[in-house]
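Alright, structures below, take your time with them.
The two complexes that follow have chain A in common; it is paired with chain B in the first and with chain C in the second.
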Partner chain A sequence: MDLALIYDNWELFARGLQNTIILVSCSLLFGGVLAVPLAMVQAYNVPVLGKLALGYSYVFRGTPLLVQLFIIYYGLAQFETVRNSIFWPVLREPFYCALIGFSLNGAAYASEIFRGALLDVGKGYWEAAMACGMSWAAAFRRIILPIALRKSIPAYSNEVIFVLHGSVLASTITVVDILGAGRQLNGTYYVTYEGFITAAALYMAIVFTLSLVFRALEFKFLRFM
Partner chain B sequence: MDQLIEFGPMVLGGLKVTILLALTSLFIATCFGLAGAALKLSRSRVLRMVGSAYTTLVRGIPDLVLMLLIFFGGQILINDLGKLTGLWRYVEIDPFTAGMFTLGFIFGAYMTETFRGAFLAIPAGQIEAAQSIGMSPRTYLVRIVWPQIVPRALPTFTNNWLVLLKTTALVSIIGLHDIVYNAYQAGRTTQEPFIFLMVSFFIYLVLTLISDFFLRKLGRVYALK
Partner chain C sequence: MKKTTAIAIIGLMLGHAASAEELTIRWGTEAGYKPFMYKTSDGGLTGFDYDIGNAICAELKATCTWTEQDWDGIIPALQAEKYDAILASMNITDDRKRVVDFSERYYRIPNRFVAREDAPIDENSDLDGVVIGVQRATIQVGYLRAKWPKATIREYPTWDEVWLDLSAGRVDTAMANMIVIQDSFLTTDNGKGFVMQDTNHTDPEHFGEGTGIAVRKGETELAKKISGAIQDLRANGTYAEVNSKYFPFDVYGE
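Now for the complex of A and B:
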């Protein structure tokens, strides 16, 4: 292990860390926003839409993320219409392709968690809200959703770590994330351990930090239970 | 369409590698999982710490990072050890072995939690009762504990299998000719990556559907009465 080499290239790893953090947090945000309606239509058995959402989450959870990523990055570029469309500036960039892939995939997993949490909210909350004269929409927005999201925190913390683990696949489509930085270091200096072990250590550090953050969040938001 | 007929069998050929890899690594993961659970449930503090270190490490480091580290780093490590001790000459780890052991190692950690959880769900009174009528640890493990671990561990075990099946796609990155690798190569040769990646996408979906079907049957056979 050549520690000086790692130190000399700290900027490379800093860039990788930055890319990983942006990639993970943005895909969690987009995935989470997409997951709420997906979970709603499933939990409340909305005709047609509920079945479609179920199919969406089954297909995305039943196939490897790597294949989904390859289809978005390599597959779509095959079509002339895609290359001439207004989406091309986005679909041309590996970073945005990774972001799209992780968001769509993450939404499928998060929707499962939210669906379970929505169904887990007791009937009494609905009845109490209705008795106060709230409309369905008001009751859902102000009572049911906040409770369901709070109840999702323990399962969602696993999902966040899962998205972080999945984000390393971005390096397979040339994004310089943490692993991408490690691979670049190894490739440039013909070394093996330095890049991978630094990447492993950085990922460990992020997971450790996330666990602490989620423990604090659970303590703060689940005290009412 | 002609190209699909010409290169389709090549993609399907990868199916054999994928399934063989998934089954062998499932076997290794089960062994690692049982060993890991034994470590984490052990009376010795040192052994418990070894078990915790194992699961923490796997939870902290993304699968692909571990796989690259074992495939590239493990090879050098083994050869350095061989040179140092003079016990063996140059050894080459093929991607199948590296992939199999990495997947086994990673999913062994998840299996550890599966088996540990199943064991902890058995009421302590049962083991005390077994001891009080004079059963040896070996006897009560075989007659009392094991028959109850199987149905309790099965739901998580099957979930681990589904995740493992999809994670095998990562071996395409270390050059093993599995479904994804072959689909990617066929796509490059024919300039039609979308079609071939979609083929691999549906193969995984079918594999998930078949697994789901059989595992549900198995779950009914082993359901706790």
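Now for the complex of A and C:
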């Protein structure tokens, strides 16, 4: 173990850490926003849309994330029409391809969590809301969705950790995330452990922080349940 | 009479013992480097490195096996004794010499930039904002970083992915050795419209003394045997025979 080597390259790891944090938090944001309607149409059996959402979740949960990432990054770039389209400035960048891949994949998993939570909200809540004169939409927005999201917190915290660990795949398409930084260090100095161990320590530190945050969230939002 | 028989028997036993200790070399390699090491359609290994490796074994009367390993783990796996020597077009550099020992070189080929024919790279500028694709953990990375610190360097797991992104336009140029560019890119569909630039890059500080066979640190005996075999192959014409199978010129270099 060459600690001085790691210290000398702290800027490399700082850049990796920054990229991982941005990538994971944006993926969670976009994935989460996409997951709510996907969960709704499935939970309430909306015709056509419900089936489409089911298909979406089946495809993205049924194939490995690495394969999805390669299809988005290398696959799409093979088509002349894609390269000439208005989407190319985005799809050209490895970082955005990773972001798109992780968001779409994360949405599929999160939608399953939310769907389960929505179905788990007792009938009584609906009846009470209706009895107060709320419309379906108002009851959903003001009563049902907040309860469902709160109930999702424990399962969702797991999902966040999975997205973080899945984000290492970004390094396979040249993004310098935490693992990418570790690999670059190993590759530049022909060392074996230093890069990986530093990466592992950084991931553990993030997971530790995340679990503290989620424990606080659970304490705050799940107290009444 | 009895004495001579006894000596003869001892001699036979010794001879037998010596042949039982026949040399075994386990080669480690990476098969994504046409035409040096790649796979045939049925999955077997082939290429210049493969033929040279087998010729060395024939010369040393050694038994040889081949093990494949991804490039960025090729030295760690050698140290973990997954194999005895790396025969994978590895350039001899000072950085690598710190962790492994090398045989003498078995070939040396210059590096060049490759770019779109209608968008050549100005190698005399600082390449500010130019995106260069390169395989991770290769000597080209160090050279590019030192010479063009302002360029953006993207590191890929294999050259195949560099070529995909070069043809897709995600990177502006790539630097690799001439033969790799020629055989694994320019002659493929992806390489249409691309050309090699004219300047040879051979800076020995980065590109070293050429391409050698790496063994674990301290195993100089094996390295010496391999170096000797390479010289023998040069002398007896086997090298030239293998060379002509793949290249129109002598890749051993001056």
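By definition in this document, the second predicted complex is superposed on the first by the 225 of 225 C-alpha atoms of A that agree within 3 Å, B and C clash if a C-alpha of one lies under 4 Å from a C-alpha of the other, contacts with A are read in each partner's own complex, and residues count from 1 in each chain.
Going forward, contacts are C-beta pairs under 8 Å (C-beta built on N, C-alpha and C of every residue); 3 or more make two chains touch, one makes a residue touch a chain.
Keep in mind that what you see is a predicted model, and the values were worked out from it rather than measured.
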Who does A:62 touch here: chain B (first), chain C (second), both, or neither?
-> first
So, A:165: does it touch chain B (first), chain C (second), both, or neither?
-> first
Thinking of the overlay built on chain A, is A:208 touched by chain B (first), by chain C (second), by both, or by neither?
-> first
Report for A:192: first if it touches chain B alone, second if chain C alone, otherwise both or neither.
-> both
Could you figure out whether chain B or chain C reaches more residues of chain A?
-> B
Between chain B (first) and chain C (second), which does A:71 come into contact with in this model arrangement: first, second, both, or neither?
-> first
For A:184, select first, second, both or neither according to whether it touches chain B, chain C, the two together, or no partner.
-> second
Chain A residues where the chain B and chain C footprints coincide 74, 77-78, 172, 183, 186, 192
Complex interface listing, chain B residues touching chain A = 57, 59-66, 68-69, 72-73, 76, 162, 166-167, 169-170, 172-173, 180, 183-184, 187, 191-194, 197-198, 200-201, 204-205, 208-209
Residues on chain A engaged by chain B in the complex (per definition of touch) = 59, 62-68, 70-71, 74-79, 161, 164-169, 171-172, 179, 182-183, 186, 192-193, 196-197, 199-200, 203-204, 207-208
Could you pull out which chain C residues touch chain A in their complex?
-> 72, 75-76, 79, 95-96, 98-99, 136-137, 141-142, 154-157, 161, 164-165, 168-170
If you look only at chain A, which of its residues touch chain C in the complex?
-> 74, 77-78, 83, 92-94, 172, 174, 183-184, 186-190, 192
